[in-house]
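Questions regarding the structure given below will be posed in turn.
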Amino acid sequence: MSTHTSAYIKPELMACCGSREIRDHDVVIVGTGFPTMSANIAKHTHAPHATMMQESGVYDARPTRPALSVGDPCLNPGAAMVGGLIDVMGMFLQAGWVDVGFLSGSQVDKFGNINTTVIGDYHAPASRLPGSGGANPIGALARRVLIIALHDKRSLAERVDFITTPGYLDGPGSRERWGLPPDTGPQVIITNKAVMRFDDKTKEAYLASYHPGCTVDEIVKLTPWDLKVAPDVHETEPPTQEELRVIREVLDPHRMIAVYEKRGYV
Amino acid sequence: MSTHTSAYIKPELMACCGSREIRDHDVVIVGTGFPTMSANIAKHTHAPHATMMQESGVYDARPTRPALSVGDPCLNPGAAMVGGLIDVMGMFLQAGWVDVGFLSGSQVDKFGNINTTVIGDYHAPASRLPGSGGANPIGALARRVLIIALHDKRSLAERVDFITTPGYLDGPGSRERWGLPPDTGPQVIITNKAVMRFDDKTKEAYLASYHPGCTVDEIVKLTPWDLKVAPDVHETEPPTQEELRVIREVLDPHRMIAVYEKRGYV
Amino acid sequence: MSKVMSMQAAIRDHVPDGAFVFMGGYVCRPPFSAVHEIVRQQKKDLTITRSNAADDFDILIGAGCVKRFISTFISLGLYGLARCYRRSIEKGIPHTIEVEEYTNLSLPMMLMAGAMGMPFVPVKDMVGTDLMRVSSFMGEDKFKMIDSPFDGRPVMLVPALKPDVAVIHVQQADEDGNAQMWGIAGDCKWGANAAAKVIVSCERIVSRETIGKDPSRTIVPAFKVAGVVEEPFGAHPGYTPGFYDTDFGFGYVYQQASNTVEGFQAFLDEWVYGLADRTAYTQHYIQKFGFSQYKKLQAAFDWSYPVSYAY
Amino acid sequence: MSKVMSMQAAIRDHVPDGAFVFMGGYVCRPPFSAVHEIVRQQKKDLTITRSNAADDFDILIGAGCVKRFISTFISLGLYGLARCYRRSIEKGIPHTIEVEEYTNLSLPMMLMAGAMGMPFVPVKDMVGTDLMRVSSFMGEDKFKMIDSPFDGRPVMLVPALKPDVAVIHVQQADEDGNAQMWGIAGDCKWGANAAAKVIVSCERIVSRETIGKDPSRTIVPAFKVAGVVEEPFGAHPGYTPGFYDTDFGFGYVYQQASNTVEGFQAFLDEWVYGLADRTAYTQHYIQKFGFSQYKKLQAAFDWSYPVSYAY
């Protein structure tokens, strides 16, 4: 039975929540920040054979500094394979080899649809965002998609302004109707307050666990849809000492993860 | 005005006929034997900027011994690019970058269709041949196809037993109907007796020139279709001294080309 | 046949106003010297494309060179949203560009289709999302849904892209244009080969013999290349594996400058209009930030093992 | 996680009777050691494919391992028509195999489509020829003609191929299966990646660190690989760039032997059934033809220049 410590920050807890979704031998497509951190925690704890790739063309990189983009110079030397988008997004992702994808977005809705295109009307945008990049294909084709989001009414929505990346789209049966591969789709939404999972029938995100210090009521109020609560709702397991050791001694000695606190992950 | 010599063998003359079809800066897809010889004669005489590729994935090879196959070891070191079939047959040929292709076959018909699949009935073959390989796509997609054949009633036919590789198919308009690229198709049939070209209207091969020592009557008799004769039919220009010098001093000091005499090219 | 020329001549002769231009470089190897020269020559009405665009595309948009953008994503990476891009879309400054949106799967597939002479290619992403609902200058031809003639399942087809010209930056090329690259490829090989012609910007021109020592590194053959430009440091502030690192500090300089129209204009005056070419750019960089900073960007040595193609 | 195993174990565990097998090697790098082991284990009812098949496929057909062959071409190259193949088709010896015929454009495209997760892919060849008129076990699904939904033009679609297992021979791989190759590629990368799993036969096993020194040479990632077999001289009588030349003399030996059923049987007895593995094969070769002949096949040295991926 692993022992816990209370001295951790939210981004560390969220990274651990991500890590716990990863199984040994998983092939994980990552971006930067959280996802890489989560996958690396898993690799150093319960999933030593998990491997990572970046959409830019990299498989099993061995960076000696934190990658600041998915095309970062540090991803080249030492990697097992360095090809291009066609290799990773086509030959690996589209061909069905990717088990886990991490995504985040400015807006995430109850069906796990993600918006990274525009806030407001597409043709008269209040704010124009970067666009899909690799998010849409990862959301469409990765077996299990893990979504990272801030838990507030700006970041979460009943319905996103623009579906850049498919979650369960309009709900049950939508992905199948469009011919998206079976057994794919969002698995979990990890926020700074809670872990939400998707109901097998309704495909709606429900509250699975609340982070230490948060309450069910608070989370329900902060969620812009009628958030169902799991019968077995419970407190999120805090980072174990081993998880924190890996984060702080192995992966992030300079505590760069703390920047996520400034971005609201508190 | 180039001077000529009478001391040459038929395969040398045929190689020169091929060479004369090649223009400077042409991109030429070659196999082994004749085609490579022809392209190299051109490169050393009137087409210094012509470049060659082999379907296996090679561009601008620098072999130091004669290549005995399109994947020969000697094609690797020194080449400008060594990729695969997808590069040469797809990225170069299918994308429309190949000017000239050389083909030969067990049967060639009046429309320049080529058979390398089967003699007799496909389902009960008298003789089973290798198949298309790269021939069909080269015949379909190269801008100008040069065909090498023996001039007899076994090798030439009114209609081939099996169209492995498209010439003008059923005649005028056939290639267009099937959506083959405009301005592609067979340009010439070079035999051991003659040079035949294709009539713009009928798409039928007609006699353009007879090799020294051969007569129009003889050639017409040896041709299994009603061979039309060009108004300006003339004797094929023999190899020039320069062409022979290139063949014998530069390209083929061991006279390996003589083996083609044993194969009937006399 | 040598195609070596200056970047000025390459852009002048091969990137006319209104051209459809593929710009290689996914974080890795952006052809920045070419981007600056396009701005310097004030090219107009370009259609530009690449998967994951960044500051290089933002500069072209801010400088008014761009009419249309076939996009998957554009940001300043670490430094957030692309300022000029947002100003163009949100405020029409300097003008509103037309954006056709795809993804980092579908766009590379469309470039591959172009390179391979395929009329279109099936993709498994995009379906069901609002990327199907919006289209711009490609209109009805942005994609087509069909039922597969093999199994009747719905399939999205996207059209092949065939740029008029591709501009890429690679590690090395010979005078004739045979171009060799290693490290993160993005969609560089396919975008370059999809184009009617290619401008090859490279860190160093090498002999044909050097190319022939390792021909499986070649991504573009000479016959597709219209111009070869030897442009060391040509991807700065981006990086080139084996040559120099990303200049994150300069990325911050660009973010700050591009926060305002005036700041962006001043940036162009200092780093583009005010400098004749990449040599002047590099000298200005060294004078401004110091040779020690320039040196700090230069790559360490970590040689691969040689291989042999001999028989 | 090491996947290193003997060829005997690799074929036993990963090539079941009835499997659909891609065999890499277009003249270059044929996986001959694997071919001999498949014959040795008398595998049955295999479906085999590759663009431009040669003596390796002829042996599998003559030995009775093959039920179906997705073909573009098969010959003994310099030595003419493939004897066992002809006997199978013309005389039903040992039995008549089913042949589905494509071309050296369409088949590589079908393998690429399989590798890329595309359901089908458009090709511009084959149309109008008798290759459209004949089909075998693929029946109606050999190809489909459609009118392009973009411009209405006729387009041929061919289906993606997804072999159960791919067997390739490369220069080097690490214990986990990351496989690196250089020189003539044929359809090796796409065929391997189209398969559900890959058996990597290699001239030498190298460290993960060696792979990481030049990761752009990797054509198959470890997670697709089921077994890694270190098999020096494993492509003989074919060649491996940088290691050994084609053995044209041995090609003649095979041609002469395969001229008759008896000769072919004797060849199998001597070179396959009579030998336990590639080590025994190589020793037998040296004893029969002399070490000087073996040495003559070994490649000269002609090293490429190293490159760096450092920053």
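Order of writing sets the chain letters: A, B, C and D. Residues in each chain are counted from 1.
Heads up, the rule we're going with is that a residue touches a chain if its C-beta (ideal position, glycine included) is under 8 Å from a C-beta of that chain, and two chains touch if they have at least 3 such contacts.
Computed from a predicted model, the values in this text were never measured in an experiment.
Asks: Considering only chains that satisfy the touch condition with chain A, which of them also satisfy it with chain D?
Replies: Joint contacts, listed by label: C.
Asks: Which chain has its C-alpha centroid at the greatest distance from the C-alpha centroid of chain B?
Replies: The chain farthest from chain B, judged by C-alpha centres, is A.
Asks: Kindly point out which of A-C, B-D or B-C repeats the A-D interface, defined as over half of the contact pairs being the same residue numbers.
Replies: The A-D interface is reproduced by B-C.
Asks: Just curious, how far off is chain D from chain B if you go by their C-alpha centres, in Å?
Replies: Chain B and chain D have C-alpha centres separated by 29 Å.
Asks: So, what's the distance in Å between the C-alpha centres of chain C and chain B?
Replies: Taking the mean C-alpha position of each chain, the two centres sit 40 Å apart.
Asks: Using the average of all C-alpha atoms in each chain as its centre, how far is it in Å between chain A and chain B?
Replies: Their C-alpha centroids are separated by 59 Å.
Asks: Show the residues in chain B shared as contacts by 2 or more other chains, in ascending order.
Replies: Touching at least two other chains: 58, 73, 76-77, 82-83, 86, 90, 93-94, 141.
Asks: Could you pull out the residues of chain C that touch at least 2 other chains?
Replies: As it turns out, chain C has residues touching two or more other chains at 109, 116-118, 123-124, 153, 155, 182-183, 185, 213, 216, 239, 241, 245-246, 302, 308-311.
Asks: When you check every pair of chains, which ones turn out to touch?
Replies: Listed by label, chains in contact pair as A-C, A-D, B-C, B-D, C-D.
Asks: Enumerate the contact residues on chain C facing chain D in the complex.
Replies: Touch list, chain C to chain D: 109, 116-124, 141, 144, 146, 148-151, 153, 155, 157, 159, 171, 181-183, 185, 210, 213-214, 216-217, 239, 241-242, 244-246, 299-311.
Asks: In their complex, what parts of chain C are in touch with chain A?
Replies: Going by the criterion above, the answer is residues 26-28, 51-52, 71-75, 77-78, 81-82, 85-86, 89-90, 101-106, 108-109, 112, 123-131, 134, 153-155, 182-190, 239, 241, 245-246, 248, 302.
Asks: Over in the complex, which chain A residues touch chain C? Could you list them?
Replies: 55-58, 68-73, 75-77, 82-87, 89-90, 93-94, 113, 117, 122, 125, 127-137, 140-141, 162-166, 169, 174-175, 177-181
Asks: What residues of chain A sit close enough to touch chain D in their complex?
Replies: Against chain D, chain A makes touches at 27, 49, 51, 58-60, 62, 73-74, 76-83, 86, 90-97, 141.
Asks: Looking at the complex, which residues from chain C come into contact with chain B?
Replies: Spelled out, the residues of chain C in touch with chain B are 1, 114-118, 174, 176, 178, 193, 208-209, 211-213, 215-216, 218, 221-224, 308-311.
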